[in-house]
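The following pair of complexes shares a single chain, chain A, combined with chain B in the former and chain C in the latter.
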Partner chain A sequence: MGRALLWLGPSLVLIAAVVIYPAVELVRASLGRYSITGLYQGAVGLRNYGRLLEQEALPTVVGNTVTWVVLVVGITIVISLGLAQLLNAPFPGRRLVRWALIVPWAASLIMTSKLFVWLYDYYFGLVNRALVAAGLLRGPVDWLGDDATVMGAMIAVGVFVSLPFTTYVLLAGLATIPGEVYEAARVDGASGWRAYRAVTLPLLRPALLVAAVLNIIYVFNSFPIVWTLNDRNPGMAHDTMITYMYKIAFKSALRDVGLAAALGVVNVGLILIAVLAYLKVSRWREEPV
Partner chain B sequence: MMSRRLLPVLTLLCVIAAVGAACGRGDGKPATIKVVIAEYSRDHTRPFWQDLAEQYTKQTGIKVDLQVIDWNSIDQQVSTMIQNNQPPDVLNLNSFSSYAKDGLLYSADEALSSKTRDDFLEAFARGGTYKDKLYGFPILASARAFFYNRDLLERAKVEPPRTWDDLVQAARKVQALGGGVIGYALPLGPEEAQAEWSIWMWNNGGDWKSGDAWTINSDKNVQTLSFLAALANTHRVTQVNPGKTNRTDGAFQLFKDGKVGMVMGFSPLAAQLDAEGKVHYGVTQMPTNVGTPVTLGVEDYLMAFKKKGNQEAVRQFLDLYYQPEQITRWITAEGFLPVTKTGLARMSGNEKLKPYLDALPSARLAPTTDPVWDKVKLDVQQTIGLAVQPGGDPRQVLDRLQKNAAESGR
Partner chain C sequence: MAGGAGLIRRAAAGGLGLLVAAALLAPYAVMLLTALKPEAELRVTPPRLLPAEWRPQNFWAVLRDPEFQSWLRVSLVVAVVSTALVIAAAVPAAYHTARHRFAGRGAFLFLVLVTQMFAPTALVVGLYREFFELGLINTYAALILVNAAFNLAFAIWILRAFFASIPREIEEAAAVDGCGRAGTLLRVVLPVALPGIVTATIFAFIAAWNEYIVALTLMTDAAMRPLTVGITTYVTAYVQHWDLLFAASVIAIVPVVVLFALIEPYLVSGLTAGSVK
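Now for the complex of A and B:
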């Protein structure tokens, strides 16, 4: 027992310090009332949770969050399936392409987001210049200011930065599929698309599950992209739960740490429910067919 | 076996570390004071305060834990410090009255020598007063001025506007030059919307408050905001989506790129324009709709936090900063305006600052002495831009701001 504790000790201390302590603090903060300066002014029980439900912006923000997570994760996985297949096939320069794919992953999210702010710019941006030159647009579009395009512009960046990780997870999954099963499929007369659907996809399921679950968590919690691309827009019309939480705490007239903490607790709960629901729907316990 | 000994040792170590950090020495003098400063510029802020801290340590033997924090995250970081019961000893910020209201601060009587107290310019001392006591010590000031692109105005054959009617005409003619040229760059996005709005409001005779009551949705203010919406949507002489354009990377960036005829700027913008040398610009008074041009003065603050045993240490630090050669050296380096009588005397000969110093007498401050302002400001930043978007409703937006302000005051 003593020896086991000794081995486990460092990780237990680490878990206590970086997981349990902040979680406890978050719950505690959500039960308190704070002045605009951050000064604690006493306990209020569950009142912050009740007030959260009265917030006018909440339905919009929840809707935005669902759109953001579902589309970013969905599009990322579809594109990554293609990319992984491509990178799994031998071709000259494959190593180089594999390396290049890591770049958006290695760059800081804030830097990437700032870069996209300039790319999307109405007056200076390359996106408008390219699309107008190609004849796809008649005039420039204010991608980050026009209510109709902000979410799409953010989703494109979200997909861009999620591709590397997802592709590598799927690539690792592809590497575990033995060549024999394809031989067998060929013998049975299945090839091309048919083989992909009947052999590759089912065998990729463990990798797909990992990619989807981790991406749901990352994308839901993603702050820098939405914050940076949306910082010019007043109000909460394009916020997700995470940036909304930050605005409640520091950037809106509410300026309320307790209310923001309550939303933080709700966020953790929501992400747990979302992941469990996804695992249930995809029947993760079943062995691949 | 090991673990039973190890655990208490670890616990003890943690306790020692925590106590050591929190308590300092027992002789009434803190070992360290925490000084939190907002970053005004990469080049000047940290070097100046680092140097000041070293002088302070040499004089008093007290170490300085100096934290220079960028404007985007300073509110959040300070709030976290206070939540965790680890407030700074000295804090520099653009608001003070909420901290005074929460009883966290020393007043000037407690934290400044009388010589320093008497040196503040009257208007700025008033701007740092809460319930008749000075809590927000002026650290520096700035004033807005009206910037115009000389080349564009010349090409459009217009003079810098004096009135709102002039402005509309000038902006139309500049915009008509074509090629993506913008008449007037109007930043009403969340970054600093309250500043732009204040200037327009005052130059139409409106105000934030009348006496103790908020007057955000007065008829004059509705008229002003409708005028701004018309600039954007009827006259179409602003950049695209002015309600969704920030100041620094929006309006100023466009002006620096030579695409804009007119914009409201301040001395740091002038410094950037001079450094880049790309735009031939002029600086003048704000156009007005009521006769006398008014500009916005902005005052930032130093605050001294009440903590056990730190009063003398904090007083020594502040007095060191407020020595005329120190404060003037910094304000000059950052390109801002003086807040002290001695500073004004020293800087009045500076040619580059002349337009702003001239504007100072007509400058008004936002109602920073009212703690409610700290919320109103954020509310304005997050909503006023919506009024100038197509389909926006100026009266509705102002009514809402008024309602929120009145409720926060209760």
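Now for the complex of A and C:
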């Protein structure tokens, strides 16, 4: 045990100082009262949690979060299933497509988000230009300013940046399916779509579950897209629980540390539930040496 | 094999693949083309895809901008030092957990997994409280520590897999030849695990390079902003330098895309620890 501590020590110190300690601080802050300049002014019990429930914006924000997570993850997985299928078989130019898939993954999310603010621009954005030229729109749309289109516009970007990781996980899953399975299916008369449903999808289940749960965590935690694409709009009408928490803590007139921390604890609790789901679907266990 | 049908299928897949690649790259092509436009051309309606006048000087303007140089310096310091910390902490932990069973091993790996799931986003209020109380707001130390801690997990998973793949016999032979534990690790194990170390290094570097929310929160002083936070000041309610914003973005994105492509074969296994085999 002492020896192990020596080898694990640096990692343990880092995790204790920068993951566990802030988690404790978060809980403590959620139970306290703070001045507008951030000074601790004593404990208030669960009062911040009570105030959180009374916030007028809360139902909207929770609804937005559910919409954001469910639609981004759902649409991403459907498209990624197709992309993984496409990239699993050899064709000329496959390497080029795999490289193209790297770009939205490697690029900084804040830079990609700024890029989409520009692309969605009412006057100068190429999205309106292309859709009008193609006859799909009669006139330009204020994608990021119109309450009816903001969430959809953000979801499109969320899907765009989630596709690479998801597709690569599903490709890794497809690689574990032996070719003989398809031979057997063909002998049984199943091919094409039927073989896909009867053979591929069930065998892909573990990879699908892992991709789904990890994406739920990533998309729930996602900050730069909603923060950037929604930053022109006043109020909390299009915020998720993460950006709402950030606004309460650092940006709005509220600057209410206790309230933000209470929401932070709720967010951490939700992620913990997702982590437990991950452990279950990935059948995580301590593997033998 | 059915030659004709197979050929048609492959051609169709190639065409579809080309469309997919175009869709993925199109936004970044607009980024590059906008970075190459003179500022006056940004305000043209209807907008045009190609610059009428090509202006590669935008890139020089960005590289010579003292603010950009300051953001770049902060980003490099944070990314390099936090990556060094990640490797220094992850190598012994990964090696020990790959080679030995001991009380608390499962608990340790579980803890590492949980830190990987928790992007610092959810904890950001707690992180701010911690560094505020320590008086470390606007310091390199704060941002370096946060990046190191949250990028540790990936490095441990990747390195563990490499260490576990090294046959014990090689190490035993080295021990017989008179290498101590540390000597064996340095001279025998690390060279074999080098691809894993390169992968972990690139991953930790890029993750720190791209990090946004913690930098936005802890680095409130303009002189301490890294690139991700700094470039957003090119476009605000008062100034609209989209050309410079995108030139700076292209400079920041191109090297990491190349590095990321190098480690692509290992990414999935490191990010889906303990599952997809």
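The rule we apply is simple: the second predicted complex is superposed on the first by the 272 of 289 C-alpha atoms of A that agree within 3 Å, B and C clash if a C-alpha of one lies under 4 Å from a C-alpha of the other, contacts with A are read in each partner's own complex, and residues count from 1 in each chain.
Here is the rule we use: a contact is a pair of C-beta atoms (placed from the backbone, for glycine too) under 8 Å apart; a residue touches a chain by one contact, two chains touch by 3 or more.
What you see is a predicted model, and the numbers here were worked out from it, not measured in a lab.
Q: Quick one: on chain A, after the overlay, do chain B and chain C clash, or do they fit? Just give me the call.
A: In the arrangement built by aligning on chain A, the partners chain C and chain B clash.
Q: Between chain B and chain C, whom does A:195 touch in the aligned arrangement: first, second, both, or neither?
A: Neither chain B nor chain C is touched by A:195.
Q: Looking at A:257 after the superposition, I want to know if it touches chain B, chain C, both of them or none. Which is it: first, second, both, neither?
A: In the superposition, A:257 touches chain B and chain C alike.
Q: Going by the contact rule set out at the top, does A:176 touch chain B (first), chain C (second), both, or neither?
A: second
Q: First (chain B), second (chain C), both or neither: which does A:108 touch?
A: second
Q: Is A:229 contacted by the first partner chain B, the second partner chain C, both or neither?
A: neither
Q: Where does A:212 make contact in the superposed view: on chain B (first), on chain C (second), on both, or on neither?
A: In the superposition, A:212 contacts neither chain B nor chain C.
Q: Mind working out whether A:155 is in touch with chain B, chain C, both or neither, as first, second, both or neither?
A: Neither partner.
Q: Contact-wise, after the overlay, does A:35 reach chain B, chain C, both or neither (first, second, both, neither)?
A: first
Q: Looking only at chain A, is it chain B or chain C that touches more of its residues?
A: In the superposed model, C touches more residues of chain A.
Q: Output check: A:10 vs chain B and chain C. Expected answer is one of first, second, both, neither. What do you get?
A: Once the two structures are laid over each other on A, A:10 reaches chain C alone.
Q: Chain C: which of 95-103, 113-121 or 131-139 bumps into chain B?
A: That would be 131-139, the only stretch with clashing C-alpha atoms.
Q: Across the two complexes, what residues of chain A are contacted by chain B and by chain C?
A: 3, 6, 9, 13, 29, 38, 123-124, 249-250, 257
Q: Which bits of chain B are touching chain A when the two form their complex?
A: Interface residues on the chain B side: 1-4, 6, 10, 75-76, 78-83, 98-99, 101-102, 104, 180, 188-191, 193, 239-241, 243-246, 249-250, 254, 257, 259, 371, 374-376, 378-379, 381-386, 404, 408.
Q: Write out the stretch or stretches of chain A touching chain C in their complex.
A: So the residues of chain A touching chain C come out as 1, 3-4, 6-15, 17-19, 21-29, 38, 83, 86-87, 89-94, 96-112, 114-116, 118-119, 123-126, 129, 160, 163, 165, 168-169, 171-173, 176, 206-207, 210, 214, 217-218, 221-224, 228, 242, 245-246, 249-250, 257, 260-261, 264, 267-268, 271, 274-275, 278-279, 281-287, 289.
Q: Looking at the complex, which residues from chain C come into contact with chain A?
A: 9-11, 13-14, 16-18, 20-21, 24-25, 27-28, 30-31, 34, 42-47, 49, 85, 88-90, 92-93, 95-106, 108-109, 111-115, 117-119, 121-130, 132-133, 145-146, 148-150, 152, 156, 164, 206, 209-210, 212-213, 217, 227-229, 231-232, 235, 242, 245-246, 249, 252-253, 256-257, 259-261, 264, 267-269, 271-277
Q: In the complex formed with chain B, which residues of chain A make contact?
A: 2-3, 5-6, 9, 13, 29, 34-40, 117, 122-124, 142, 144-146, 231-236, 247, 249-253, 255, 257
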